[in-house]
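We call the chains A, B and C, going by the order they appear; numbering starts again at 1 in every chain.
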Amino acid sequence: MSFLEFLETRSSDMVELGLEHAAVVGLSVLLATIIGVTLGVATYQRARARGMVLAITGAILTIPSFALFILLLGPLGLGWPPTVVALTLYGLMPVVRNTITGLRGVDPAVLEAAKGMGLNRRQRLLRIELPLAWPVIITGVRVTTLVLLGITAIAAIINGPGYGEFIFTGLARVGTPVAVNLVLAGALGVMILAVLFDILFYTVRKLTTSKGIQ
Amino acid sequence: MTSADSHETRQVMIRLEKLTKHYPGQQRNAVDGLDLDINEGEIVVLVGPSGCGKTTTMKMINRIIEPTSGRIILNGEDVTRTDADQLRRRIGYVIQQTGLFPHMTIGENVATVPKLLGWDKSRTDARVDELLNMVNMDPEIFRHRYPKQLSGGQQQRIGVARALGGDPTVLLMDEPFGAIDPITRDRLQNEFLRVQSEVRKTIVFVTHDIDEAIKMGDRIAIFKEGSQLAQYDTPEQILTAPADDFVAEFIGRGASLKRLNLSYVGDIDPRPWPTVSVSTSIAEARETLRNAAESALIVVDEAGRPHSWVSPEELNRAGEGSSLKEIGQTPRAIVEPRATLSDALNELIAARYAVTLVVDDTGKLQGVVDIEQINDSIRSMRASAVTEARASLGGEP
Amino acid sequence: MSTQAPHLKTANQETGVAGSRGLSQYLVMPVVLGIALLALYVYVSLQELDSIEERSLNAARLTRAVWEHIQLTAVSTLLTLLIAIPLGILLTRPFTRRIRPYIVTVLTVLQAVPTIAILVLLAVAFLFLGFAAAIVGLVLYAIVPVLLNTMVGLEQVDDAVLEAGRGMGMSRTTVLQKIELPLAIPVMLAGIRTALVINVGTAALVTYINAGGLGDIIVAGLSTNRIVVQIVGAALTAILALLIDYIAGLIEDLLRPRGL
């Protein structure tokens, strides 16, 4: 059976796994963005706190995903919960880093003008700093998404959702004709998702960034 | 120009009392026990070498920098400890880098403070259009543009319009024209003076450029290094009677020439000059010139506007049938009463017959100004300044 | 692990974390890892181990797994650098100016390929198993970030500096040696560190193609359903990864040219 024939017979699996893969990544990216932006906003003005949060989220990213999935197996069991928790943890670093970089990159003159016009701390953050840092933050979210798409493939070890199932099934049938097709289909699915998510981010970035700073 | 005696009748808008700023880890105070009264509706320019505390002083007025001690009284109210954000909405703020919000349109930038103050949309929109018109930026064209689409000079105009957004009584300007090329700067300064003649705000203006201080200031506060106030007076007084060597050195050479920027052609009476109408015949014109002490005639058109200069040679060469319309040369040196004596001097130096023509708003000839008149004006300015300086010696300990 | 973007690690420098670390901050990670190891030891000691667990968790087996893991990481990283850095230099020479953006785009997309897919593909498609296969898989994956980092590092060197170098009469090669490479070192060091982190993580997966490493312990625990074994394998993998990243960070700080 050729690869294309394989894709045709397994098309419903491809779509279903793709939706799962996209959903678990989407959910984790959303959580990582909420937590990461909050951490960034809370720490960007203080060097020590900033250094600490970057060091910790960076260290998390250093832990091999295979190991982290296994370590979460005990407390969280199999399937979605450990997958989402692990992915969210991995996703923090790029978001936090870009939030901090973006907020610290805002022109001091703009901030002084805002302060001089009587915008209070919250108004400056919500109306000036975050909108100006937004293109940098969303780039961090995009990096996070790419990172998580790949890691999700490994989550199949703990019965996590997504294309990892194809890859590990292929591995289990090593030596049979279908094995190569399974692995290729899994890899292809992840790459298609990567391209789709990239287009999505490009569009969202375009739509949510003021024309004044594009 | 504001004359010195009108200050006494004006209300104090900003009073700084023993204002002091100390930065941790520094030996000297950045600003040290400064007392300063700023009158309503005046432009007070803080000027001095870098590190003299002029910017720190200004930034303490809207508490971008919090004073270490001392008091700030705004329109009779002690604002040293009030809510800083509320205070700042009452004080316009213009900085050198403009600090326009790049993600907002020009209209949104100018509407910032009105929105903070809770104005409704129609009032805010009307205010935006009014301010854009005031700074010579057509609202139809610029309202929806972004700051990056504007030139440096246009951005600074918007900076001024934005600062006036909430109709503040006080405006703080931190080297607003410092980053702009000299030609545009000159134009913006003139424009700003025109705007100020309409809005009559109390303005604190920081610059390191003494020429700008002389041009813009109703009064100038010259700071020495170490935040000492060397002299606080009108530009005329500072130029004529510098308080000490530091001030004299700071204003530099050419104080007399600088003073010419402070007097206007309208302040002096233009001298008459032999004049004929274009309809006059050549023969009559010859006759007029023969009886005059001057060496040429000014020809004016039917509305009394200068048409040409004619010299005796040109009159002699002209045939009997020709008209004054066809001979002579177009006058170039023409000023209006609003021009400064410095402008008039510039014009007449290069002009024929060493005079510049003075015309009124309709272009009608009023007479001429020559170098003698300008010289007289300098002399009388100096004399009155000396009298004033003597008077103040008697009044103050 | 997996698809770490090449610039992930450079951020630490930009935000001034690595460069300005005090002595106490240098001690944090070793202390944390020491405590983690101790806790792991105490945890295992308190368990009643059955025969399967005893067989999996004996010192010789663990030491061998750790050693294999280190070898896999070291060899693959070394090969990655030998291929990626010269290639990166080559791809930033003037003749590639036009196609460079496309190269960067393709490399970025390639990074989305899951590491596990590359390894498994080697096994199922070519029946290529064992240490050599693992090295090929690791290198194939880690080349991309190091290559990107090298290119970015070399490209960001200020054109004015290069022009000044050429203006002083340096040849192209001298400019590369004396100016470009030293100035690009911080970014390349970050790329190397990224490669190390990726390789130490991916090496945990090569057990699936019979290439050993700490993944052996984890998979043994999974297949026999022994949680203690799984935890020991996973914890050791995490500790080793953090330790290697920490050491790489120290070396990075030492090698970075002064004044940058």
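Of note:
Basically, a contact is a pair of C-beta atoms (placed from the backbone, for glycine too) under 8 Å apart; a residue touches a chain by one contact, two chains touch by 3 or more.
Just so it is clear, the model here is predicted, and its values are computed rather than measured.
Among the other chains, the CA centroid farthest from that of subunit A is the one of B. Legend note: the chain whose CA centroid lies nearest the centroid of all displayed protein CA atoms is A. Computed centre separation for the pair subunit A/subunit C is 20 angstrom, with centres defined by C-alpha atoms. Distance between subunit B and subunit C, defined via averaged C-alpha coordinates, is recorded as 65 Å.
With each centre defined as the average position of its C-alpha atoms, the distance from subunit A to subunit B rounds to 57 Å. In subunit A, no residue touches at least two other chains. On subunit A, the positions that touch subunit B within their shared complex are 107, 109-120, 123, 128, 131-132, 209-213. Within the complex, the subunit A residues that touch subunit C are 47, 50-51, 54-55, 58-59, 61-68, 70-71, 73-74, 93-94, 97, 100-101, 143, 146-147, 149-151, 153-154, 157, 163-164, 167-168, 170-171, 173-175, 179-180, 182-184, 186-187, 190-191, 194-195.
By the touch rule above, subunit B contacts subunit A in their complex via residues 62, 64, 85-91, 93, 95-105, 112-113, 116, 146-148, 159, 162-163, 165, 172.
By the touch criterion given at the top, residues 1-5, 8-9, 11-12, 14-17, 25, 29, 109, 111-118, 120-121, 123-125, 127, 197, 200-202, 204-205, 208, 215, 218, 221-222, 227, 230-231, 233-235, 237-238, 241-242, 245 of subunit C touch subunit A in their complex.
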